[in-house]
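Presented below are the structures under discussion, each in the form of structure tokens.
Okay, so chain A shows up in both of these, paired with chain B first and chain C after.
Up next, the complex of A and B:
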């Protein structure tokens, strides 16, 4: 469920591109610093966006060249903002651990073995993160339970199922003390969480139809054997556009000091581009090179 | 109070027209239409107030301080625009065309104070389900960010009362081609625009002259 929130790289300014990379590498560094080397592998684009939202209202932090184990022959610029990364890294570890548990439940014995191993590997970081953000860990558990109940009941509601995930993403901003920052941040993250969930549902639809798995789109609309009908897809596209509009309206109200242009790129260009790529099937085929090769918003 | 120039995002020695443009862009960005039925509407209205005050204080200071700015014309414009902005603002948040009884009015006041659960339970307790009922249900869903449910309820309200503009515009907002004013920082850069314009002009010239193999 990760990787759906990205900037549209061809439209980024070079300094925003550099800032995005420094934020990504900074998250990786912060994860390792707090939760050990193994947690470096949990770094992802979506959580980098979460950091950018939180850091946008903070004073600018220092960017330093730090050691990168993936490219050990040269140092990489990292944003060193421990205060900004604390909550984000705890949320990252908790969400990824829950994702592993979810995968164990969904997969069979042999495939599940790998996930069980991962669960062992990340159990200690998860325990530590749950201590760092106990209310977030509780909320994630409760919402994922609600989501699995909806799935078991084969709920046809896009909103109720997406709400469970969107509420988790928006709760990442629950600890912000200032109301004038917290409310727009929560509203923005809620719509982004919704976007992630619905993109994921659309991406998995063909597979779920084949394997007879649960997918909210399958029960909300009447799909063909391979995917949604054209008018349903158009309707879904309009809902996604409204989601982006609401996210943009919330972003405008965030009192940003930095990263404003980068966040606008992600919300106004990145989210629609990812949805379009998911719709046409290009996202799954070229997920890794997506932000670089995609030229059309 | 914050520095008015900072609020409008312009430098202290910006010209009158630059300030006017910045003010216009901000008014469009935080216009109540973009925050209709949005739980963040109060924050947007606060922001709008700050912008109006900042513009007001800059134009007043400039009118009083220097004759080089053409004080009379700028003052006149400022008054007019602020008047219209504040007018449309209160219009945006006031509910018009309410046909329901006292219960609907109560639901609306609960909605205005963002007490969505109370509004929903009150609505669910009503036996009579007319267009207004579906519209209000849609509004509750919209404020929660539940766009699919909002669209379905608005659709229902529209099919029961096709002539109602309020219902139609609500439906348009959630599942239509409605797009609010957007200004990204990428569009603001004049250098970039100039560069794009040059590229466009060159491309057009190239096409007109049959270059690039397009005509083959």
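Up next, the complex of A and C:
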């Protein structure tokens, strides 16, 4: 359920593109620093967005050239904002560990073996992250339990299921002390969480129809064998657009000091672009055929 | 220029030597940014109202004449269902709670009503509580149901057109992918050692 929140690159300014890279690499570095080398593998776009939201209201942090294990012959610029990354890295570890647990539950014995191994690998980082953000770990556990109950009951409510996930994403901003920052950040992350959940549901729909798995779209609408009917898809598109607008309205209220244009790009351009790709089935295909060298800075 | 005036300039995003026309344009832009319509279904409506007030105050500080405000949209005043006098007070109370942002209390009050599924006013107000929660799908369903139950009510009809909004034109134009590298913003993940492992965890991010 990661990777749906990203900027639309052709519309990014070069400095915003560099800032995004530096934030991504900074998260990777912060994960390694706090939770060990293995946690570097958990870095993802969605959590980079979370960092950008939190960092946007803070004074600009130093960017340094840091060692990158993926490209050890060349240092890469990283944002070194330990205070900003603390909560984000804890949330990343907790969410990824819960995702592993979820995959173990959903997989058969043989396919689940890999996830069981991953669970062993990430158990210690998860324990440490749970100590760092205990209230977030409890909330994630409670909301995922509520979500699995809704799934077991085959709930046709898009909102109730999306709410469970959106509340988790929104809780990543619960610790912000200033209400003028916390409320818009929570509202923004809530709508982004909804967007992620609904995109993921649409992305998985064909597979769930084949495997007879739970998908809220399957019970809310009347899908054909390949996916949703055109009018249902149009309605879902309007729901997604409205979520984007509410997220944008929340972003306007965030007292940003930096990364404003980057965040606007992600919300107004990146989210709709990813939804369009998911809708047309190009999202997964693009991920595989992504040209590896072309986009390097 | 005093410190207060400098802050006002910062808020409006204009230089300290801005002309009257520039001030007016900046004020209009900022007011449009926090437009009441954009926050109708948002729990942040009160913060947006505060922000509009700050912008107007900043403008008043810098320029003598009153700014030309964009047309303001006001939800119709509470209008209880005429055919159910018993529900009158509940309806008004729920509306008051919703205006105050107390969505949970409003929902609990509505849920306690015996005819919550059949009284169009209650169905409509349930839609409004869902809207305030950001539950857009259920909000649409309730408002549509209320419109079917009371097809001549203009307020219900107007609300059904307001819940789902369209993207701003700039976002619409660019929503299709520009070229083959359109959405993939960061090349670093694809090159990282972690790609294979990450894919196994998050299924192809």
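The rule is short, and it goes like this: the second predicted complex is superposed on the first by the 287 of 297 C-alpha atoms of A that agree within 3 Å, B and C clash if a C-alpha of one lies under 4 Å from a C-alpha of the other, contacts with A are read in each partner's own complex, and residues count from 1 in each chain.
One rule holds in what follows: a residue touches a chain if its C-beta (ideal position, glycine included) is under 8 Å from a C-beta of that chain, and two chains touch if they have at least 3 such contacts.
Just so it is clear, the structure is predicted and the values come from calculations on it, not from any experiment.
With chain A as the common reference, the superposed partners chain B and chain C clash. In the superposition on chain A, contact of A:260 is made with chain B only, not with chain C. With both structures placed on the common chain, the touch criterion links A:238 to chain B and to chain C. By the touch criterion defined above, A:224 reaches neither chain B nor chain C. In the superposed pair of complexes, A:25 makes contact with chain C only, with no contact to chain B.
By the touch criterion stated above, A:246 is placed in contact with chain B and with chain C alike. In the superposed model, more residues of chain A are touched by C than by the other of chain B and chain C. When the two complexes are overlaid on their common chain A, residue A:65 makes contact with neither chain B nor chain C. Of the two partner chains placed by the overlay, only chain C lies in contact with A:44; chain B stays clear of it.
Of the two partner chains, neither chain B nor chain C is touched by A:154. Annotation: chain A residues 11, 157-160, 163, 166, 180, 183-184, 187, 190-191, 194, 220, 238-239, 241-243, 245-246, 248-250, 252-253, 268-269 touch chain B in one complex and chain C in the other. Residue ranges on chain A touching chain C, taken from their complex, read 1-3, 6-12, 17, 20-21, 24-25, 28, 40-46, 48, 69-71, 76, 96, 99-100, 103, 114, 118, 157-160, 163, 166, 180, 183-184, 187, 190-191, 194, 220, 238-239, 241-246, 248-250, 252-253, 268-270, 272-274, 276-277, 282-284, 286-297.
Across the interface of their complex, chain B is touched by residues 11, 13, 157-160, 163, 166, 180, 183-184, 187, 190-191, 194, 220, 235, 238-239, 241-243, 245-246, 248-250, 252-253, 260-261, 264-265, 268-269 of chain A. Of all the residues in chain B, the ones that touch chain A in their complex are 29-30, 34-35, 38-40, 43-44, 47, 141, 144-149, 151, 173-180, 182, 184-186.
On the side of chain C, the complex with chain A involves touching residues 33-34, 38-39, 41-44, 47-48, 51, 130, 133-138, 140, 163-168, 170-172, 174-194, 197-198, 200-205.
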